[in-house]
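Same chain, two partners: chain A is paired with chain B first, then with chain C.
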Partner chain A sequence: MNLVGENLSYKLTEELQLRKISFNFEKGKLYTILGRTLSGKTTLLKTIAGLLMPDSGTIKFEGKNFLEIPVWERNIAMVYQQFINYPHLNVFENIAFPLKQRGLDPQKINEEVFNSLKLVGLEGYEKRKIQELSGGQQQRVSVARSLVKNAKILLLDEPLVNLDYKLREQLREEFKNIFINGLSEESIVIFSTTDPREAMELNGEVIVLDEGKVLQVGAAKEIFENPKNLKVAAISNDPPMNILKAEIDSNKIKFENIEIDIPDHLSKIKDKNFNFGIRASDVELNDNGFEFEVELAEISGSETLLHLTRGNAKIITSIEEVMDFKIRDKVKINFKSNKAYAFDETGNLASSPFGGSSV
Partner chain B sequence: MGKLYTFLKYFFITIWTVFVVAPFLWALTTSFKDFNSVNGGVTYIPWVDFEPNLEGWRVLIKSPAEGGVDIVEPYFNSLFVTCTASLISIILGTLSAYALSRYTFKAGPIKNNDITFFFISQRIMPPIVLSIPFFLFLGAVNLLDSLIGLIVVYIVLLMPIAVWIMVDFFNKVPREIDETALIDGCNPYQAFFKVVLPNSIPGLIVAGMFCIIFGWIDFFFAFILTFTEVQLLPVKIVALNSSITPWWSLSASALVSVAPLIVVAFIVERYLSKGNLSGAIK
Partner chain C sequence: MNFKHKYIFLFPGLFVLIGILIFPIIFVVRLSLSGWNSYNGLNFIGLENYIRLFTDDPRFWESFFRLSFLSVTTVVLQYVIGFALAHMVWKEIKFQRFFRVLFLIPMMTTPVIMTVIWRTFFHESLGPVNDILGNFGLSPKWLTDPTLAKFTVIIVEVWQWTPFMFLLLLAGLLSLPKEPFLAAAIDGASPVRKFIYVTFPLMAPISIGAIIIRLIEASKIMDTVYVLTSGGPGTSTETSSFYIFIKGLREFQMGYAASMSFTYLIIMIISLTVIAKVLTKLLLKD
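Moving on, here comes the complex of A and B:
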C-alpha cells in the first residue's frame, strides 16, 4: 500500500534530470528530500504529482499504476516555494476550492475550512483578499488549502525558502506540529529542502538527492552522523563539512605542517592518504592551536563564520558568538579530533565518530 | 532636479493636451453654430460670440431626401460589425493564446514563437496586400457587400491583436497556478475556465478594447468590400462633402464617430495601469 517509485528517469535539461530514482514511501511517515538547487527535488515532486511524465520508470500507489491516473484524480496536495494561491478568490474561497471541486456540501466545506484555518493560525482572516496578506500568511493559506483536502500524498516543495529568517524558524516549528497532529495515519508527507537544519529538525526519513540521483536514504540522525560520502557530507551540513587532504603517519594525522594525534575511531584506517572531514562547529579557537589566516569573516544571526586558510588548506569554522575579525588577522584554532570523519580517496566514508565505518 | 522635473513634466503635458484637445473643442463649438456664426468671422464662446442651435446635429438623423445625411444606419452597422468581430476574435484569440503559452507545439522547425509571430505578421503586412485575396474570397462565398462578410474579414484582422496581447498576458500568469488547479481536482478545461480566465480579466479587457479600436477605425476594408447595400460609418463620413453638407454637420458627425473611442480610452486607461495578479506570486 506504499508509494513506490522504480527507476524513474526524466530529462528536462542537461543539468536538470532524474537518473533512475527509486523510492518506497510508507503511509503515516514524513520524508524529507534534501538536495541543492538543480538536484531534481522539484522535478521529482512534480513527477509524483503527475505534472511531469517520466521518460521511463514506474510509480505505484496502493497497488495501482499511478502514472495512468491524471493529476486531478490523484488526491494529492502540493505547496510550492512561491506562494501560490488563487488571486481572484478570498482566503475562505481559496481553501474551499478543492472541496467545492469535489462537490462536498456547503455545511461540510464550512466546517473543514474553519478547522484548517485554525490549524495554520489564520482564524478571522477568511474574508481577506490574498493580495492583502503578507508572504508568510499567503504561504499559510496555501498550506491550509493543501491540508483541507486530507490528501493521501502531501508534497511540500521548499515551502519556507522564500520567507524571512524569523518567520521561517517559526513556521518550521509549526509545520512540524501540523504534520504530527494534523495529518491522518493514511498520509505520506514529502518535504523538500536545501537546508540541512530544516531536514534535521523535521526529523523524518531523509533522502539525499544530488544531480538527479539518490545518494543516501536514512533517518535524519543517521544521515547527519554517518554521511555515506563526501557529497552527502557537503549537502547535509551548513556550512558544508570541511574536507582536507591528509595523510596518516606514525599515529598522527598530518596536513599543512599540522600534526594531530589520531583519535581512536580513526586508528583503523589503513590507507596512508585520506580525506579528513570536520564540521565547522567542531573547530574551536584555542590559543595553543594552529595558526590560520582569516580570509573572510561573516556574521550570521548570533554566530560568526570564519573562513580560514593555511597554505592550501581552507576551512570554515563557526563560533557561537558575534566577534569582530579583520581580513588577514591570524587566529589559532584547534580541531576536536574525536568528532573528525575520514573519507577514503574515492570519497566514501571510511570512519565516523558515530560508529559508521567501512574499515 | 525634483521641482524642475515636475515643472517640465506638467509644462509639456499641458502643451500636448492643448494640442490634442483644441481640435475637438473647435469641432464641438462648430457643431452648434449656424451659417452666420461660421461664415461671419471667428467666434469661440457659445452664448457670447454666437447663439448655439442643434441644427447641425438634427441633420445627422434626417434622411437625404429631407436634406440630411442619415448616419444612423451606418453607425449601427459599424457598432454591430466591430463588436461581433471583436467578441469572436477575443474568444478565439484567448483560446489560441492560452494554448501557445502553456503547451509546446512543434512542426519541424516551427515552434510556439513562430506561430505567435505568424499571427502578428498578419498585421505587419500592408493591408493592400490582403485586399485582393479578401475581395476574391468574399466574392466566391457570396459575402461581398454584407455585414457577415465584413465580420469575417475583421476577425482575421483583429484576432492577431487578441492573440498577441493574451499570449503576453498568459506568459505572465505563473504556470504554478494552473498546476495548483489541476492538483486541486480540476481537469485542464476547468483549470482554464475556473482559475486562469477569472484572473485574466484585465488582459481580456485590454485586448477587447484594442480590437474595438482597430475595428472601429478601419476604413480601407470597409471601403473596398462594400458597395451599396451595406455601409460602415468611416466610409459614410468620408463620403460627406463639405460643399453639400454644412460644416456644423460635419463637425457633429466627426464627434459622434470618435465618441465610442473616447469611452474605450477611459476604460483601457484604468486597466492598463493596474494588474490583478500581484497576489498570485510574490
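Moving on, here comes the complex of A and C:
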C-alpha cells in the first residue's frame, strides 16, 4: 500500500536528469528530499505528480500502476516554490477549487475551506484577491489549497525558498505543526529542500539526492551523524563540511605541518592517506591553536563565517558571535578532533564520531 | 507643468484631428439638418430628415436589425472558431508553425477580391459548390434565396475575419501564466474542466477586447454585401451602411443619408458601450 518507485529515469537535459531512482514511501510519514539545485528534486516530484512521464521505470501506489493514472485523477497535492495560485479567483475560491472539481456540495466546501484557512492562519482573508496578498500569504493560500483536499500524497517543492528569512523560520515551524496535526495517517508528505537545516528540523526520513541519483536514505539524525560519503557530507551541512587531505603517521593526523593527536574513533583507520572531515562549527578559535590566514569573513545573522587558508588547506569555521576580521589577518584555531570524520580516498565514510563506518 | 508654448506643439496633431474627425462629424450633423442634394444648396430644413427617418422609413430599421443579427452571429462564430483554432495550435502539436500561418491566410487576402471568388464559388449554375452538390441532386440558391443569402454572407464574413480573432486570442493564450494550469491538473481538473475553470476565465479580458473590436468592424459590413449580393435578393441582405450608401451616393439624398449616418453613429456608441459593460459583468466578476 506504499508509494513505490522503481528505476525511474528521465532525461530533461544533460545536467538535469533522474538516473534510476527507486524509493519506497510509507503512509503517515514525512520524507525530505535534500539536494542542491539541478539535483533533480523538482523533476522527481513532478514525476510522482504525473506532470512528467519518466522515460523508464515504474511508480506504484496502493498496488496500482500510478503512471497509467492521469494527473487529475491521482489525488495528490503540490505546493511549488513559486507561489502558484489562480489569479482570477479570490482566496476562498482558490482554496475551494480542488473541492469544486470533486463536485462536493457547497456546505461541505465552505466548512473545509474555513478549516484549512484556520490551519494556515488566514482567517478573514477569504474575500481578498490573490494579488493583494504578500508572498508569504500567497504561499499560505497554496498550502491551504493543498491541505484542503486531504490528498493521499502531498508534495512540497521547496515551499519556503522564496520567502524572507523571518517568514521562512515561522512557516517552517508552522509546517511542522500542520504535518503533525493537519494530516491524516493515510498521507505521505514529501518535502524537497536545498537547506540541510530545514531537513534536520522537519526531522523526517531524508533522501539525499545528487545529480539525479539517491546517495543516502535515512532518518535526519542518521544522515547528519553518519553521512555515507563526501558528497552527502557536503550536501547535508551548511556551510559544507571541511574536507582536508591528511595522512596518519605514528598516531598523528598530519596535514600542512599540523599534527593532531588521533582521536579514539579514528584509530582503527588502516589507510595512511584519508580525507579528514570536520564541521565548521567544530573548529574553534584558540590562542594555542594552529595559525591560519583569513581569506574572507562573512557575517550571517548572529554568527561569523571565516574562510581560512594555510598552504593548500582551506577551511571554513563558524563562530557564534559577530566579530570583525580583516582579510589576511592571522587567526589561531583548534579542531575538536573528537568530532572529526574520516573518509577514505574514494570518498566513502571510514569512521564517524557516532560510530558509523563502512570499514 | 506650465509650459507657455505647449499649444504650438499640440497644434499639428490637433489640426489633423479637427480636420479629419471633428469637422466631418459637425458637418454631418449640419448636413442632416438640410435637404442637401445635387441641385439644392445647404438649405436648412430643421428636423425633417429625422422625422422621416423615425416615422416613415421601415427599410432603415429593417436593415439595422439585419445588421445587428449579421454582426452578432458572425462575431460569435468567429469567436468560437477562432478560440478553438487558437487553443489547438497553442498546445504542442505537430506542424504547429505551419498551422499558425495557415489559419492567418484569409486575413492576408484582399476582402473584395476574395468575395468575388466566393461569389463565383456560390454561383447557382456555374459555381463549383453547386456542381458538387448537384451530384446529390441538390442545388441550393446560395445568393438568390432571401434566407440562404444571409447565410452565405455569414460564411464569407466568418471565413474572412476568423483569422483576426484567432490572432488576438492566440496572442492572449500565449501570454497567460503557465502556473495555474499546472496547479489545476494537480487539483483534479480534467482537460475540459481546466478549460472551463481556468483557461476561459483567464482569457476573459482578452476575449472582451477581441469581441468588441470585431463587433465594431463587423457592424460596418459593406464590401462583402456589395460584392456578394448587392443587398439582394430584394433587401434581404441589405445592411445599414449599405442602405446609407444607396441613399447618399446612388440617390444623392445627402441630407437624409447624413441624418441616418448620425443616428447610426449614436446607436452604435450606445449599444457597444452597453455590450462592453454586459460582457465585462458576465465574464469578469470584479
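Note that the second predicted complex is superposed on the first by the 359 of 359 C-alpha atoms of A that agree within 3 Å, B and C clash if a C-alpha of one lies under 4 Å from a C-alpha of the other, contacts with A are read in each partner's own complex, and residues count from 1 in each chain.
Here is the rule we go by: a contact is a pair of C-beta atoms (placed from the backbone, for glycine too) under 8 Å apart; a residue touches a chain by one contact, two chains touch by 3 or more.
Quantities reported herein were computed from a predicted structural model and do not represent experimental measurements.
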Clash or fit, chain B versus chain C on superposed chain A: clash
First (chain B), second (chain C), both or neither touched by A:Q138: first
Chain B or chain C, by number of chain A residues touched: B
First, second, both or neither for A:F25, with chain B first and chain C second: neither
First (chain B), second (chain C), both or neither touched by A:N162: first
Touching partner for A:A77 - first (chain B), second (chain C), both, neither: both
Chain B versus chain C as contact partner of A:I130, first or second or both or neither: first
Touched partner set for A:F66, first chain B, second chain C, both or neither: neither
Which of chain B and chain C A:F343 touches, first, second, both or neither: neither
Segment of chain B that clashes with chain C, given the candidates 40-48, 76-84 or 238-246: 76-84
Shared chain A surface residues [contacts with chain B and with chain C]: 49-51, 70-73, 76-78, 80, 82, 84-88, 97-98, 101-102, 129, 142, 145, 149
Of all residues in chain A, those that touch chain B in their complex: 46, 49-51, 70-74, 76-78, 80, 82-88, 97-98, 101-102, 129-133, 135, 138, 142, 145, 149, 162
Of chain A, residues touching chain C in the complex: 49-51, 70-73, 75-78, 80, 82, 84-89, 97-98, 100-102, 129, 142, 145, 149
In the complex, chain B residues that touch chain A: 174, 176-177, 179-187, 190, 195, 198-199, 276-282
Chain C - residues contacting chain A, complex: 177, 179-180, 182-190, 193-194, 197-198, 201-202, 204, 286
